[in-house]
Amino acid sequence: MTDAVLPGGFDTISDLRERAEKLLSPEVWAYVEGAAGEEFTVQDNHASFHRWRLRPRALAGIRAVDLRTTLLGASVASPVFVSPTAYQGLVHPAAEVGTARGAGSSGVLAMFSTLSTRSLEEIASATPSGPRWFQLYLQREFRVTRGLVERAEKAGYSALVLTVDAPVLGPRDRQTRDGVAIRSPVPIGNGSEVLSPARAPELRSGLYEFPADASFTWEILAQLREVTRLPLVVKGILTAEDARRAVDGGARAVVVSNHGGRQLDGAMTGLEALPEVAAAVGGRAEVYMDGGVRRGSDVLIALALGARGVGIGRPVLWALAVGGEAGVSRLLSLLNTELAVSMMLAGRRSIAEVDSSLLWPHPDPDKVPSLRNF
Amino acid sequence: MTDAVLPGGFDTISDLRERAEKLLSPEVWAYVEGAAGEEFTVQDNHASFHRWRLRPRALAGIRAVDLRTTLLGASVASPVFVSPTAYQGLVHPAAEVGTARGAGSSGVLAMFSTLSTRSLEEIASATPSGPRWFQLYLQREFRVTRGLVERAEKAGYSALVLTVDAPVLGPRDRQTRDGVAIRSPVPIGNGSEVLSPARAPELRSGLYEFPADASFTWEILAQLREVTRLPLVVKGILTAEDARRAVDGGARAVVVSNHGGRQLDGAMTGLEALPEVAAAVGGRAEVYMDGGVRRGSDVLIALALGARGVGIGRPVLWALAVGGEAGVSRLLSLLNTELAVSMMLAGRRSIAEVDSSLLWPHPDPDKVPSLRNF
Amino acid sequence: MTDAVLPGGFDTISDLRERAEKLLSPEVWAYVEGAAGEEFTVQDNHASFHRWRLRPRALAGIRAVDLRTTLLGASVASPVFVSPTAYQGLVHPAAEVGTARGAGSSGVLAMFSTLSTRSLEEIASATPSGPRWFQLYLQREFRVTRGLVERAEKAGYSALVLTVDAPVLGPRDRQTRDGVAIRSPVPIGNGSEVLSPARAPELRSGLYEFPADASFTWEILAQLREVTRLPLVVKGILTAEDARRAVDGGARAVVVSNHGGRQLDGAMTGLEALPEVAAAVGGRAEVYMDGGVRRGSDVLIALALGARGVGIGRPVLWALAVGGEAGVSRLLSLLNTELAVSMMLAGRRSIAEVDSSLLWPHPDPDKVPSLRNF
Amino acid sequence: MTDAVLPGGFDTISDLRERAEKLLSPEVWAYVEGAAGEEFTVQDNHASFHRWRLRPRALAGIRAVDLRTTLLGASVASPVFVSPTAYQGLVHPAAEVGTARGAGSSGVLAMFSTLSTRSLEEIASATPSGPRWFQLYLQREFRVTRGLVERAEKAGYSALVLTVDAPVLGPRDRQTRDGVAIRSPVPIGNGSEVLSPARAPELRSGLYEFPADASFTWEILAQLREVTRLPLVVKGILTAEDARRAVDGGARAVVVSNHGGRQLDGAMTGLEALPEVAAAVGGRAEVYMDGGVRRGSDVLIALALGARGVGIGRPVLWALAVGGEAGVSRLLSLLNTELAVSMMLAGRRSIAEVDSSLLWPHPDPDKVPSLRNF
């Protein structure tokens, strides 16, 4: 690990956002930072972490901290992963290739969006070895969806991350006012047939009608399993009920997430929903979360509440904007080092040693509902 | 549904208030925005919604969202209704006629105040088809009250909304300092006999005496039912006790409301009182609420806590000020679309599918008092 | 009741403080507003009221609100009383005479400090009829204390208010930095023998020694009862334990108070302590409170939690500064009218009708400790 | 006790920080004030005190307050002690000698850091009589550790304070950006062999490796007891589990502390952890705390929750910066006087009289977990 500051680099995670804001146009910044409605939920995402306190243990005799774990069997350098975000070309010319290389050289899992600026094949060839998963937005025609899945499998993506919280885009005031999306269509690297979720329904005969891609049911899991051998991950779960349905449908992992606060304003945060989801899944699948993770200690709290993987979204865009591939690599190095230091300070030498006894108030695993009164 | 921006239109709900403030004089703005005392309660109204989180369900297989419902048997396009507000001519020359047409073309119920700038007949003739209810301030002489009721019935209003939380006007500091009310009497469209609630009592022989219109009892419900066939709605209920009295007195619906925070500073908010009122009414009448509703997700929370109709007040005045009839129509379109999108994102296809399992913490319907410790 | 604005008058309670600040010198303002330490407690005083919500009842059939009550048998126009504050000459030349006349013409009880600018006799002769109580700071020599008590009795004060929370002055940072007290001694109207509580102890042989006037015990109640027939009121109680001791010692009333946040930074607020004190006293004496009361709705909350009298301190100084006697009278008129309107809006016609069912969450009188988790 | 303002002195504790900030360079200020991560925990430290309220008792008959107590048998003028802080030469040329003299003349215990600017012998000779304890950072080679311990014992330090919460330095954003540490190494008075805890691990073969001084276990207590007769104090405990291990390992006292919020961002505060630690220790050792203590009332709350000694860190650096030895002495005089006044106002004449009945809500010593819902 080097402390040398990279060109376009940064010394701490906390000034990263500020630097990115200065570099990006107001339109792109509105797109990156904007969230649903008046953006209370996106603020809750990070604030959720401040409701917990860590109970560090001393003199644990730790010579080295091991952050390594596996995510669906893939060895990774850390439980931190890169959550999928669309249109990365808006913030840096290297786009998803920069992110892929930065994550790949860090040994960290990255998920890439259906709505990437670069094609999924180009991204894959940029990181032959790194663990890469493909995030899927269901398309109006299943033919197009199948095409994407087959291409992802062929290109060496090792899992399929089905996003279920965006049948339609949430209303995003900042983006509507200042955002790039409304002014010019952003090119999608995966071909002209690929569509973003619809922005709004059409009112016809008193009904708010949504496009076909908004109306899938849990049956889609079986359909997808028929067309691919890739393990299925369901992203965008916020309830025990849906977690059970995902696992019953064959999902190998779920990502507890509110889509960076960009979809349903007023939704629970990933961290708030994590305990009930972890309890509902009960080891039958892997549980990840994202939303509001900014620091090593945030990762630690999420691990202690039952996450096996912890995703970061916007910070990767900030880092990509500031330093391209090197920026992403630098961010992951800072975050992983901070996580390692936090674990050392907490007296935990490995991911396996992080459990809920690290938290105050201490959640009773048999009484998840009591968390709700927190 | 068109996304075209209307002349004098607006793109999002959240910048509506800002635009209206720029258009209106400080005196009128003080009247519109001003509330009781130091305006803590009006702030609580909106803040109450932020104490709840939504638990969205995914992959619900929804092709279209149906917002249609009935309010006292009248078919409406949405549970959102226009709460009554006085003197709409202060914000736009179209006054209540603009509101009536904007609501009518949106298929939304509108309630019109006794203290309208235009006469109730003029408002009625502006929207022959739309559901219109007449809000009643009890007058000092029952003769005048009866006259208003008879005119409303004759003009085709389909319900009588009796306001019970304003026997006298609450003390409104901002309005006293900057408001229009104190400087010049505002003309009332329904005739010179019609009076606003008194502003203050007279101190005589050690007693604070109020005018006769302040001293009614629950007997008034029976009196009103004798002079009209219109169904009675009681507006301004904040306790289970009063909700029971209203229903026992023949009310077909109650509106849980603190009058936009303009009456008793320190009162519970409509949303806070909604669970205990819904439990007390227990299906014997319809339950509506208003106060602080600004977004589609707010409507969803109110529905989940037991409201069948959800009113908006000040936002209609903002929209009327910004765009007249078109502004009101635009606001209702944005709000209903946002509600439809929120329901899609929450996995609910119709109003009937919205129940308390959508909320976190999950309220136990048998234990309403536990909500009080929230 | 007239709404005419007095010369130097004001229209609402809420702009009173602002006007007073402009009129007074920074030194005097620091004295008036300053409180203990970093002034968290004085902020808590008012904030305590915002933790309660009122549950108003409608259609209560009230023609007139009666605020009249008795305080130790004296008929008063309202439960609102003027709490004692020292050195009123700092804010207006009329000093306590202005306050006495303003309160007297309003039929409101006023308490006057041992440390008044004018002599207690001069104050008494200003208001021959109004209920006046004398606030007593215990003096180092009992001879001086007895002299004050005898003068008060002779001058027609009808109760003795013994302050027990100021054996020594609390550390007041703002006052130390900017205050008048440190720069020049303020003359005391009651004679040169009368002393203010000491500002600080002397460190001698490892002990922090306080003057003799700081070291009284509950025995002082018996001593005072020997030298006067005046009923005893104990002011500055914040616990059930002390409330019991006061009543056991013969106090006819207690004032739950933290001395306007000027003594022990971090102390409970009067409103927080009120339920446990009211429960402990259990009707054996009258219970009053002060601290943070600024509006009619604050008075209502205090009454609902068990106070029979509710004191205001700083607002009286603001009003005195702004308008002398007329200012005090105007403030009391605004506050009493606001209380009357709040009671009308809450559906309570008299003080006797205000009970804890007016509050949300509803305090269980048998389970005072549960309030502590609020 | 004199109230005369010293040259470079100050009148109140609350303006001390402001004065120090003006005197110090931005780099040094970043070092002094900086804490882990985004500095939420350091803010929580002080905020923790505001969650408690004091229940003062009146008329307790106190002529003098006795703050004297013993800490490990040493008589001290007050339970307030000076927590160890490194590199005091950064803020004032007198460095630790100034602190030692200021504390010594106040009869207050001071702890001095391994990383002092002056040598431990020089500090010791500055205060022949004052109680002085030596804070130990474990060194990579035990030989160096033993050397420090032997020197401390020989120089007359009367206890060894083993810091266990800094096996590696926490990530401190402000310090990284603006701090002195990164720009130039700060000289250490105790010799060139003495090392600060490492700033960061080295990533080798997938493991985050820490230097040997980071990897000690609870066995170190036995090792240290073999090389010294000095009583052992373990500093940096935040859990009942570690408190028990410390006492089982022979510690005579524990300091509940999160290292001024400078180590693990998100950790519990000392005050939050104090009840569970006090309950776990159960009288088998002495319990102290530090973190966020700024006022006499803070000390009182910590005492009431079970602390026997209460440390202050940054305020001592502020005072040293402002006035050297006289500044430290002035700070301790102000703080102790404020504590004495607070105790008088609370009705407690001695440290022994301060117990949990002083607090609201009243903690039940048998039900520590209930505190967690506070």
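Each chain carries a letter (A, B, C and D) given by its place in the written order, and its residues are counted from 1.
The rule is simple: a residue touches a chain if its C-beta (ideal position, glycine included) is under 8 Å from a C-beta of that chain, and two chains touch if they have at least 3 such contacts.
Every value quoted in this text rests on a predicted model; they were computed, and no experiment measured them.
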Review point. What is the chain whose Cα centroid lies farthest from the Cα centroid of chain B?
Key: D
Review point. On Cα atoms, by how many degrees is chain A rotated relative to chain D, nearest 5?
Key: 90
Check your understanding: What's the call on chain C versus chain D, same or different interface residues, using the half cut on shared numbers?
Key -> different
Exercise for review: Averaging only over C-alpha atoms, locate the centres of chain A and chain B and give their separation in whole Å.
Suggested key: 41
Review point. How many angstrom lie between the CA centroids of chain B and chain D, rounded to a whole number?
Key: 57
Check your understanding: Can you list the chain B residues in contact with two or more other chains?
Key -> 373
Practice item. Name the graph shape formed by the protein chains and their touching pairs; answer line, ring, star, complete or other. Key: ring
Check your understanding: How about chain B: which of its residues touch chain C in the complex?
Key -> 37-38, 40, 44, 164-165, 167-168, 170-171, 173, 176-177, 200-203, 206-210, 212, 214-218, 220, 234, 236-239, 241-242, 245, 263-269, 272-273, 369, 372-373
Revision key, fill the gap. Chain D partner, complex, touching residues on chain A are 1, 3, 11-15, 49-50, 52-68, 77, 107, 294-298, 300-301, 336-338, 340-342, 344-346, 360-362, 373
